[in-house]
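You will see chain A twice below: alongside chain B first, and alongside chain C after that.
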Partner chain A sequence: MNEEIKVDKTLDLKGLPCPMPILKTSRGIKEVEIGQVIEVLSTDPGSLADFPSWTRSSGNELLKTDQSGEVTKFYIKRLV
Partner chain B sequence: MDQNTRNDLLQLFREKLNSAMTYYLETCTRCGICTEACHVYASMGQVKHISAYRHEIVRRIYKKYFKARGKVWPSVGEAKELNETALEELYESAYSCTGCRRCMVYCPFGIDTQMIMSIAKLLLIGAHSEPEILTLLADTSIEKGKSLDLFKESFMEGVKKLEKDVVKKWKMEAGETAIPMDVVGADLLFVALAGAHSIIPTAAVFNAAGEHWTLSFFEAVNFGAFVGDPTRTQLILDRILNEAKRLKVKEVCICECGTAFRVMKQLAADQPFKVSSITEVHARYIKSGRIKLDPSKLNGPVTYHDPCQIARNGGVFDEPRYILKHLTNDFREMSPEPKYNWCCGGGGGLVALGEDTLDFRMKSARVKADQIKTTGVTTLVTACENCHTQLNNLNDHYQLGVNVKFLTSMVADALMQ
Partner chain C sequence: MQNIEAQIEELKSQISAMDKKIPSNKISMIVFSGDMDKVLAAFVIATGAVAMGMEVVMFFTFWGTPILRDKNKKAGGKDTMGKMFGAMLPKGTCEVKLSKMNMGGMGTAMMKSLMKKKNVASLEQMIEMAQEFGVQIYVCEMSMDLMGFKREEMIDYSQLSYCGVATFLEQAKDSRIQLFI
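So, the complex of A and B:
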């Protein structure tokens, strides 16, 4: 499904309520190099609003959001 | 610290000096009545956590820069220079105070330590020394307000997926929407926490009561208030105020989030709508017969933890007790007078800082754990997300053996169709 996006690290944040997905992602993204991509798995509907806003305010890039299943997947490229 | 930075910080200090603040800074007689009132001191016994000691750190800077005697002859007024060491002390004081205001109830002059700590927090923000994770969360919330179009569709799609769980709690007629959003002219705008656990039970209760409601696009929690930044606090609040005005609602109802309720109540006084907590709304539904609850759902003794920001600082004491009377016949008070209830130890952003503050949160809330144990209950109910997380952590740490529950979920689970 994501042949075009190479994932360098996956953060499984299923079941965590807001603001945990953002908190853990802002820490987790520091574990990859600038230019690399993390995949975040979340079941919190708030994440659908949080991630586009967090990537903008933190200066990273949201490459893609896949909400086809119960679990939403966010692909984020570290830029800062 | 260079002189320019110090001048900038003192300007921030000056902006905080309204008449109430000046009264608080000038009035403390060091009578010591507040000493045992702070759960942090009562649990850990360290002088630096006494309420009056906390504000003395701010007061000494006030004396040095804003009082004539301090300016001329610093040693007499115990005036203190604003430098890096002072900032470290301010940090320790401000971010170990949950803003519960229990000390204020004891102080004969009603000195508000939480308000004095707001100076400390503002200086720390000015010096970029605040907990940056709280600022990051606040900025994410502000950004959300600017970029609604960016996530509107996908968020609505995400919320749609929750509707089947709402209907499991309260059946609806075909064609009715279980979680309405963006409804112009709705009576009530519900501001949830963005998680499913906050939306599903409340939606079921609104539907059961036949409420004409709509769900906000924004989460209630105000990280700007946690970090102590008035500008960010207002920007986060504005998102909801603008939405409420756009939808022309008559009432804005805040979910189980203490800080969100207090901030909305205090800063949105002159709005064309009423502000309520979800607890007040549920009590109203029961009183007017719009919902009926089945008391047989709950077994064993029950107690209620008053979230400081909803009860002591928000004035909502009676409604949760009224609701619980309809859910149990074995309700036990935790404190003889609810206004003296101990803070859970998780407020002021400490819970949002997660694992980083866990050790301190557990040590500083020992008196809370003892208070819960003394009640001998099996169910501990509260109406605030922060308190709920902290009480769960205390339950594990002190092996209290209670079931920590949200009042809203209990109401939803006891609905009689």
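So, the complex of A and C:
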């Protein structure tokens, strides 16, 4: 998926360890409309495994994971 | 024709009976332990479960009960045993210890400072999060009575109520996950 993803909100969760990234994301995603996309910035190594699990269980869609540097970016579309 | 209608009715009642057997998207936890690390784990799982879209109920019993005491509150009218237990058991989250490597309190202090350094949420913060996330807490009435705790010395937590074993079992029966911590 190379096309540009339109981000409606960014959650900066750098430096926060488990369980904060998913707690804050579950909160933060409610601040956008259904169909909109949030970008989550996390430095927690557990997030790589956790975000796919969280999106599957919560019923949202993980569009893209960008793991280029120390900070991993997750693009999540709110579906519920 | 009448036969088919009767069969449909039969199927409908069977389906609704099956529906009742499917547990809710709920997690029921018994917090029996009074150790800082174990209770912290319980709260991490509890808040995480809410984030995953689950309903969460926590039942505090035995050594888990004193964790929910408020260090700034006092309760009168206790008998001698109640006063003794009250003095010996931890008064809230700040007095609980690690289950391992406590080393006379040194280990717990080191762990707390390490957690702070690494930005890991403290037990106090996790209880606050649990309240924000709507985690239901039940406290075992029998433990309260046994240890001589009064309701007025427990923390202010919006969804806290007191119960017995039947309340837990009813919730646990209807939960997909049950944990004993």
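Some observations on this one:
As a convention for this text, the second predicted complex is superposed on the first by the 77 of 80 C-alpha atoms of A that agree within 3 Å, B and C clash if a C-alpha of one lies under 4 Å from a C-alpha of the other, contacts with A are read in each partner's own complex, and residues count from 1 in each chain.
Quick note on the criterion: a residue touches a chain if its C-beta (ideal position, glycine included) is under 8 Å from a C-beta of that chain, and two chains touch if they have at least 3 such contacts.
Quantities reported herein were computed from a predicted structural model and do not represent experimental measurements.
Once chain A is used to superpose the two complexes, chain B occupies space that clashes with chain C. After overlaying the two complexes on the shared chain, residue contacts for A:49 are found with chain B alone; chain C is out of touch. In the superposition on chain A, A:22 contacts both chain B and chain C. In the superposition on chain A, contact is made by A:57 with both chain B and chain C. Of the two partner chains, chain B is the only one touched by A:65; chain C is not. Counting the residues of chain A touched by each of chain B and chain C gives the higher count for B.
Annotation: chain B segment clashing with chain C after superposition, chosen from 93-101, 201-209 or 237-245, is 93-101.
Once the two complexes are overlaid on chain A, the chain A residues touched by chain B in the first and by chain C in the second are 17-20, 22-23, 26, 53-54, 57-58. On chain C, the positions that touch chain A within their shared complex are 44, 47-48, 50-53, 118-121, 129, 133. Taken together, the chain B residues at the contact with chain A in this complex read 133, 136-137, 139-144, 147, 150-151, 154-155, 157-159, 161-162, 193-199, 217-219, 221, 223, 352, 354, 385. Those residues of chain A lying in contact with chain B across their complex are 17-20, 22-23, 26, 43-50, 52-54, 56-58, 65, 67, 70, 72. By the touch criterion given at the top, residues 15-20, 22-23, 25-26, 53-54, 57-59 of chain A touch chain C in their complex.
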